[in-house]
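Dropping the structures in below, format is structure tokens.
Consider the two complexes below, in which subunit A is the common component and subunit B and subunit C are the respective partners.
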Partner chain A sequence: MFDYNFHWRPVIKSLPELLEAGLVTLQVAALSMVIGIVIGLGLALARLHLRGPLRWLATAWVEIARNTPALFQLFFFGFGMGAWGIHLSPFLIVLAGLSFNNAGYLAENFRGGFQAVPETQLRAARSLGMTVWQAYTRIVIPQVFRIVYYPLTNQMVWAVLMSSLGMLVGFRELSGETQFFASRTYRIFEYFAVTAIIYYVIVKIILGASRLAAWRLFRY
Partner chain B sequence: MIEIRGLHKYFGELHVLKGIDLDVHNGEVLSVIGASGSGKSTLLYCINGLEPIQQGRIEVDGTDVHARGTDLNALRQKLGMVFQQWNSFPHLTALENVALAPRIVRGLPRAEAREVAERQLRHVGLGDKLDVYPKALSGGQQQRLAIARALAMEPRYMLFDEATSALDPELVGEVLDTMRLLAEEGMTMICVTHEMGFARDVSDRVAFFHQGVIEEIGPPAEIFGAPASEHLRKFLAKIR
Partner chain C sequence: MEPAISFFSGFRAADLWFMAEAAWRTLLISGVSIVIGSLLGILFGWMLHEGRLLASLTLAPLLDVFRSVPLIIQLVLFYNFAPIAGLSLDPFASGAVVLTLYCASLVANVARGGIAAVGQPMRRAARSLGMTYWQDMRHVVLPIGGRAVFPSWVGVALGVMKDSALVSVLGYVELLKASQILITRTQEPFMILTLAGAFYFALSYPISRYSARLEARWAQ
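Let's look at the complex of A and B:
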């Protein structure tokens, strides 16, 4: 039928390196989520409450992040910025690209979340003498997080999978590492099959952790 | 004392309050009645600065609420507010609902804020619900929670914005009882209300709002017993 002989031994031998690269993937994805959440909140609030240039900037950010390929966004930070003499390390290219993309998608989730919290909650908080900052950080945003919690988890999964684009800018995350070994041994199928399983396990762990955290956090 | 002089309020083109003059003295309970849309609730929002005003002035203990440079966050600690939609914070337990503002606004240490909150929750009859989330409370209980939350700031004035209108009829009584209790304790209160029984029995004065002006104001016996204005007579006839 087909005469390909599977050779798993090289893959097994480099499993420790692959798992380590899996951790790099997890790290860059998690970090890009933290940055994406902070910026995404800012973008959402800018689109809801500001007028003028900052609002346009936020809208442009969201439009570009959501409507162009993530790969192009990565290339922008990789090669595009090189045109201005700014050279980022592969890690920073991927982190910046993913954060940019996450922020754009999360901004729209947050925007919906903010609109779902009744305005009277803000009024009640303000009537108790809370500042705008206190009212948002203590009353509004915690409620927004519950509303957007599952989309947030999705975005984290997406960030892990999207980080595989890192191999195209020379970043040795899970896919980059896999590519490195695969091209050295020509066991391309075997390597990527195992890596796919590692991705699968990472995503499952994230989903499990997310469910556990939700159960702890959202008692109400 | 709350002093209101020549107050005008617009929402865009809509002229909601058309020249309000009103004094509310310390220890007084003032009920504000009138048809929906007559500007009653808006008046409360103007008093604690949640809504800007276009003309006139409002002073609370001599502080001009709408003057530039007035510290509204400090002022609002004097003015407890209870809303029609009780607005309990759903992500916090009853105790946390009440203890939060004393801690972060008044700056009380955690333990002390907790003590204040427990005392106020017991005060309104929720002493056994400290660790319960709002969704497990009835509407009446949530409204009492909102009252406790406002009281925990130790306000000098309480503003009630139709505190019972969103409640099921059988739950109105417990909230009115709590309001009565506050009145007996000498709290200065402005109560926008549709509960004529409460207005008659508890208030020192009743103000009748009609289309953005106070058309009649006086002791409940006069307002309900001998209404002078035609609109008030019609209003009373309709709700009886």
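Let's look at the complex of A and C:
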């Protein structure tokens, strides 16, 4: 037992590249969150207020995103789109897959948030002379934001963890980069152990930052 | 001139059987992991609840690691660590071990929430009626707390079922891996992926709907 010689030197040597790839992971996760929030808001409002095919489409999006594996969604944007002759770059595959997934999960959170704000609030704002846009942006959305803040943070963590699937479609984010180095040096365990630590630190930084931001945002 | 050799061949009936077998493997590995992982998770949850300081210093950070590192990294790490530690595990065993621990770390939180959901006065009342600690656990905490967190447990179980797709990185041919193999050969990505996605959806959607309905009924 344990007659294996650990070689950490190659990992240390490529640490700068790994940290840079960690930044790529953060970027793609953050970008997919921004897209996910915008689409998720649209999906939630469509499910709450619309009738007909648009509502049906929104429901289908949400249910497919939530009831199939994230890897399946990534594959779909990867080689599924090939059926129509669309070939996305690895970066776009990961971004599209993550955004699709985020939008589906966030839409449900937003829907719950909108339902938690009493309708009388909107009516009160309207009777004070606010336009619908003003009532939403100044009265309803700030309250919804408070409710969905923690789910949003969680989803961001999920996005970072999910982005590791990029490894399977050839995207060189943290996991993909790690696999690239690991297969070049055969120090698979050492590389992935360091990468696990980097992921752990990234997740802790996100959670810490969000707690700090919450403390500043929700003081009153 | 000789006709060009084709590397591809169409989708045959035998391929459907291949996919069905792979779907069975998905069910097998997720079933094993969910059952053992849930039992282990309930034990951990109980330890977190009862152990207070000791558990929150030792067990809680350990379980947190499983939730802060991408599952795919955990899988690769364990699969490559097992031979170092002198174990020879096949992809199924490695995948099942990691999925079980992952499931346990998620269920632990759910179980702790369930135990905490039963109010202290209720527990005291049970004990003052002469129930032993275990009678109180079995006849008071389990039915009341279990009911409170059953929907979250269903969510975790479905999540593990979907995440079992990642075991494909170890070479375990579950449904998504089988689809990938077939797509490479038949060049019919759309149909095969739709088939695979429909399987996950058909499994996950009714169960999540059922649990949402149960939750609504119990909430009354």
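Going forward, the second predicted complex is superposed on the first by the 220 of 220 C-alpha atoms of A that agree within 3 Å, B and C clash if a C-alpha of one lies under 4 Å from a C-alpha of the other, contacts with A are read in each partner's own complex, and residues count from 1 in each chain.
Convention: contacts are C-beta pairs under 8 Å (C-beta built on N, C-alpha and C of every residue); 3 or more make two chains touch, one makes a residue touch a chain.
As the structure is a computational prediction, the values presented were derived from the model and not from experiment.
Enquirer: Give one word, clash or fit, describing how subunit B and subunit C relate on subunit A after superposing.
Expert: In the superposition, subunit B and subunit C stay clear of each other.
Enquirer: Go through the superposed model and pick first if A:Ala124 touches only subunit B, second if only subunit C, both, or neither.
Expert: first
Enquirer: Of the two partner chains, subunit B (first) and subunit C (second), which one does A:Phe79 touch, if any: first, second, both, or neither?
Expert: The second partner, subunit C, only.
Enquirer: Looking at subunit A, which partner touches more of its residues: subunit C or subunit B?
Expert: Looking at subunit B versus subunit C, the one contacting more residues of subunit A is C.
Enquirer: Based on the superposed arrangement, let me know which partner A:Gln143 touches: subunit B (first), subunit C (second), both, or neither?
Expert: After superposing on A, A:Gln143 lies in contact with subunit B but is clear of subunit C.
Enquirer: Quick one: is A:Asn67 in contact with subunit B, with subunit C, with both, or with neither? Answer first, second, both or neither.
Expert: second
Enquirer: Should A:Ile35 be classified as contacting the first partner (subunit B), the second (subunit C), both, or neither?
Expert: neither
Enquirer: Between the centres of subunit B and subunit C, viewed from subunit A's Cα centre, what angle do you get? Round it to the nearest 10 degrees, please.
Expert: Result: 110 degrees at the vertex subunit A.
Enquirer: Quick one: is A:Tyr4 in contact with subunit B, with subunit C, with both, or with neither? Answer first, second, both or neither.
Expert: second
Enquirer: Between subunit B (first) and subunit C (second), which does A:Leu88 come into contact with in this model arrangement: first, second, both, or neither?
Expert: After superposing on A, A:Leu88 lies clear of both subunit B and subunit C.
Enquirer: Just subunit B (first), just subunit C (second), both, or neither: which does A:Arg219 touch?
Expert: A:Arg219: touches subunit B, not subunit C.
Enquirer: Across all Cα pairs of subunit B and subunit C, what is the smallest distance in the superposition, given in whole Å?
Expert: 25 Å.
Enquirer: Going by the contact rule at the top, pick out the subunit A residues touching subunit B in the complex.
Expert: 118, 120-121, 123-131, 134, 138-139, 142-143, 146, 219-220
Enquirer: In their shared complex, at which residues does subunit B touch subunit A?
Expert: 48, 50, 73-74, 76-77, 79-81, 83, 85, 87, 89-92, 100-101, 104-106, 133-135, 146, 149-150, 153
Enquirer: For subunit C, which residues count as touching subunit A in their complex?
Expert: Against subunit A, the touching part of subunit C is residues 65, 68-74, 76-77, 80-81, 83-86, 158, 162-163, 165-166, 168-169, 176, 179-180, 183, 188-190, 193, 196-197, 200-201, 204-205, 208.
Enquirer: For a test of understanding, state which residues of subunit A touch subunit C in their complex under the given definition.
Expert: Interface residues on subunit A, with respect to subunit C: 1-2, 4, 63-64, 66-72, 75-76, 79-80, 82-83, 157, 161-162, 164-165, 167-168, 175, 188-189, 192-193, 195-196, 199-200, 203-204.
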